[in-house]
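Two complexes are shown next, each including chain A; its partner changes from chain B in the first to chain C in the second.
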Partner chain A sequence: MPTPTYTALATVTLGGSDTEIIFSSIPQSYRDLVVVIGGSANAGTSPSLRFNNDSGSNYNIVRMYANASTYSSQSFNATYGSVGFMNTEKSTVVAHIMDYSATDKHKTALGRSSNTETLRLEIVRWANTSAITTLEVRMDGGSLYSTGTVMSLYGIAG
Partner chain B sequence: MSPFPLTSTSLLDYNRYLSLLVGNTTYSPSSFDLLATTTVTGATADTITFSNLSSYSSTYKHLQLRMVMRDNRSGYTGSYARLRFNNDSGSNYSVHALYGTGSGIGSGSEINSTSVHAGEINAPNAPSGAFAPAVLDILDAFSTNKNKTTRLFAGTVNYDWLGLWSGHWRSTAAVDSISIISPLGDFVTGCRFSLYGLKAV
Partner chain C sequence: MKVIQHVDVGVGGTSSISFTNIPQNYTDLFVVASLRNSGSNAHVLIGLNGSTSNFTERYISGYGSGQISSSTYARYVGNVGTSSYTANTFGSTSIYITNYASSGYKSILGESVGENNSTTDWAFAFSGNLWSQTAAITSLQLTNESAATILEYSSATLYGILKGTDGTTTVS
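Entry: the complex of A and B
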């Protein structure tokens, strides 16, 4: 029997002074989460995920991107997991957080973003088997989400 | 016909709408439905199959697979998954890839393959608990006048591999079964494969 899903859990419209948004008390009744951001930032930056307030260097990232003049790929560790790129141009970011409520797996996220300048793909592994109950979507380097930027969180059954 | 007696167990998954009159909550049926999930538990498996999918052809337009994968390929950090439709193991598939390796960008293609790429797989030399994620879309899955195409977004940080893959199955048959294959090892406990249907109007 098909189960309706891709349920909207929360949506926020930002006012221009936020560098981070925190979704807390995330219900554990879904399999995956999807974060969708539509908008811009006050500078070139990476919207990034931090789980359960873990600010340790526990996030492994592989990135690839292309713009009109160059392309590149990097891998690195960080204290958050980057899932895209935003700047003053209108940008879209979609991040899939897989098996977020499992307690036997490290958590992974697949992120992609695009705007008129840059296409970026990223994968993140959070080296922790805890279920994700708090999700922080923060701007790298203290940049700000621009006024009118919309961020939505969805839950997908599985 | 006598009335069918509803019991509480008849209503397991529903939204309650008081009325469809103007001013009340809009009736909004889902456009994205979970059709099935297979989770590997206990014994390993080299193939995961979703079958009898043609029964969904009148309801859904596209399909999506969401997966996390790990296998038992001894001595390795990773391997890869492949996908076939309708048990067709002929040389009827093509693949194109755009990928990043953590230090460079590459592209590639396969012509006349016997399957399409379905994602990366973490293996025993990857950290315990590390599974590789993949999201794969199958477009116009039930069309009988189009060849079938796939779009995959997948990767792993355990051997720095990330990318987009397109797949092409040279058949106009409606998709009736999907097999996800681990050619170099067996899927292990914790692997998850969820199939979704997307509606269109």
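Entry: the complex of A and C
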């Protein structure tokens, strides 16, 4: 069975006052990037990606989600790319960014998240062909990551 | 990511796949499983430290042209191939557990697909479980609903994922 290799690039354990984390100087030597968040937030919100400080409306998102007994999907355009949902309960968010160092394609990310309120599957397309060198993981609406939340960035060799 | 343990199910099958004595020096756990069972129920269940209680779940599944979501299940982490599935097909399941050695509650993300030519059997499942226990995870069990036998040629691999830094990437 093939084994993707997760090489740790950076990790931060949060102290409860952060609404955004920025990974910079990301090496260009991997095929994909993976962001993993294990923890909670001070309110229900969406951890979202912003690449290379691009705050334009260049992020296209399609999402499927399920609550207790309902489910739905939606698509929209935003100034960042949502990759999951977190709230005050313990949550897991895994966002996989494909071909982040390529310069001939728009970048896509697959986000999956779970907690006791909402499941989400999301796809983000960043309408830009630049290689990703800076990755911001921000909470939508200014919510905060809770104390003890662990966020890690991994590289996967191609 | 490093392999902690791999299990191949042998002749006669087994009632469960269990990973024990899980080392506590990783950050997250990741399980990849290829499963088929002898019964008619496709759900694969997770147990932690031998516990089957204190699980809260959200679940969504798509099959043929139908969908379902629910919070009434517990411990479902995916689907396996069943006795009614196309011969020689096995369901694929992945499970991600963050901060498994911490003293907080444990969050579990499950994804799976069980391919079948029929349009009426489960095909895709996505789940989130919260295990409301503070104990570090030292063992992990996979079973089938209705206690069906996990068949020969099924397999499961437990990986450990370790956080850290490469000395180049910066965080602010």
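Keep this in mind: the second predicted complex is superposed on the first by the 153 of 158 C-alpha atoms of A that agree within 3 Å, B and C clash if a C-alpha of one lies under 4 Å from a C-alpha of the other, contacts with A are read in each partner's own complex, and residues count from 1 in each chain.
What we mean here is this: contacts are C-beta pairs under 8 Å (C-beta built on N, C-alpha and C of every residue); 3 or more make two chains touch, one makes a residue touch a chain.
The model shown is predicted, which means the values in this text are computed figures rather than measured ones.
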Based on the shared chain A superposition, would you classify chain B and chain C as clashing or fitting together? clash
For A:17 in the superposed arrangement: first (chain B), second (chain C), both or neither? neither
What is the contact status of A:8 with respect to chain B (first) and chain C (second): first, second, both, or neither? second
Quick check on the superposed pair: does A:104 touch chain B, chain C, both, or neither? Answer first, second, both or neither. first
Between chain B and chain C, whom does A:32 touch in the aligned arrangement: first, second, both, or neither? first
So in the superposed three-chain picture, is A:96 touching just chain B, just chain C, both, or none of them (first/second/both/neither)? first
When the two structures are overlaid on chain A, which partner does A:75 contact: first (chain B), second (chain C), both, or neither? first
Of all the chain A residues, which ones make contact with chain B and with chain C? 1, 3-6, 64, 66, 71, 112, 121
Within their complex, chain A touches chain C through residues 1, 3-12, 21-27, 36-39, 64, 66-71, 89-92, 94, 112-119, 121, 148, 150, 152-155
Sites on chain A touched by chain B in the complex: 1-6, 31-32, 60-64, 66, 71-75, 96, 98-99, 102, 104-106, 108-110, 112, 121-125, 127, 129, 156-158
State the interface residues of chain B toward chain A in the complex, per the touch definition above. 13, 29-35, 37, 56, 59, 66, 68, 99-105, 127, 129-133, 135, 153-158, 160-164, 190, 192, 194, 196-197
Taking the complex as given, what residues does chain C use to touch chain A? 1, 3, 27-28, 32, 34, 56-60, 67, 69-71, 96-99, 102, 104-111, 126-130, 155, 157, 159, 161-166, 168-172
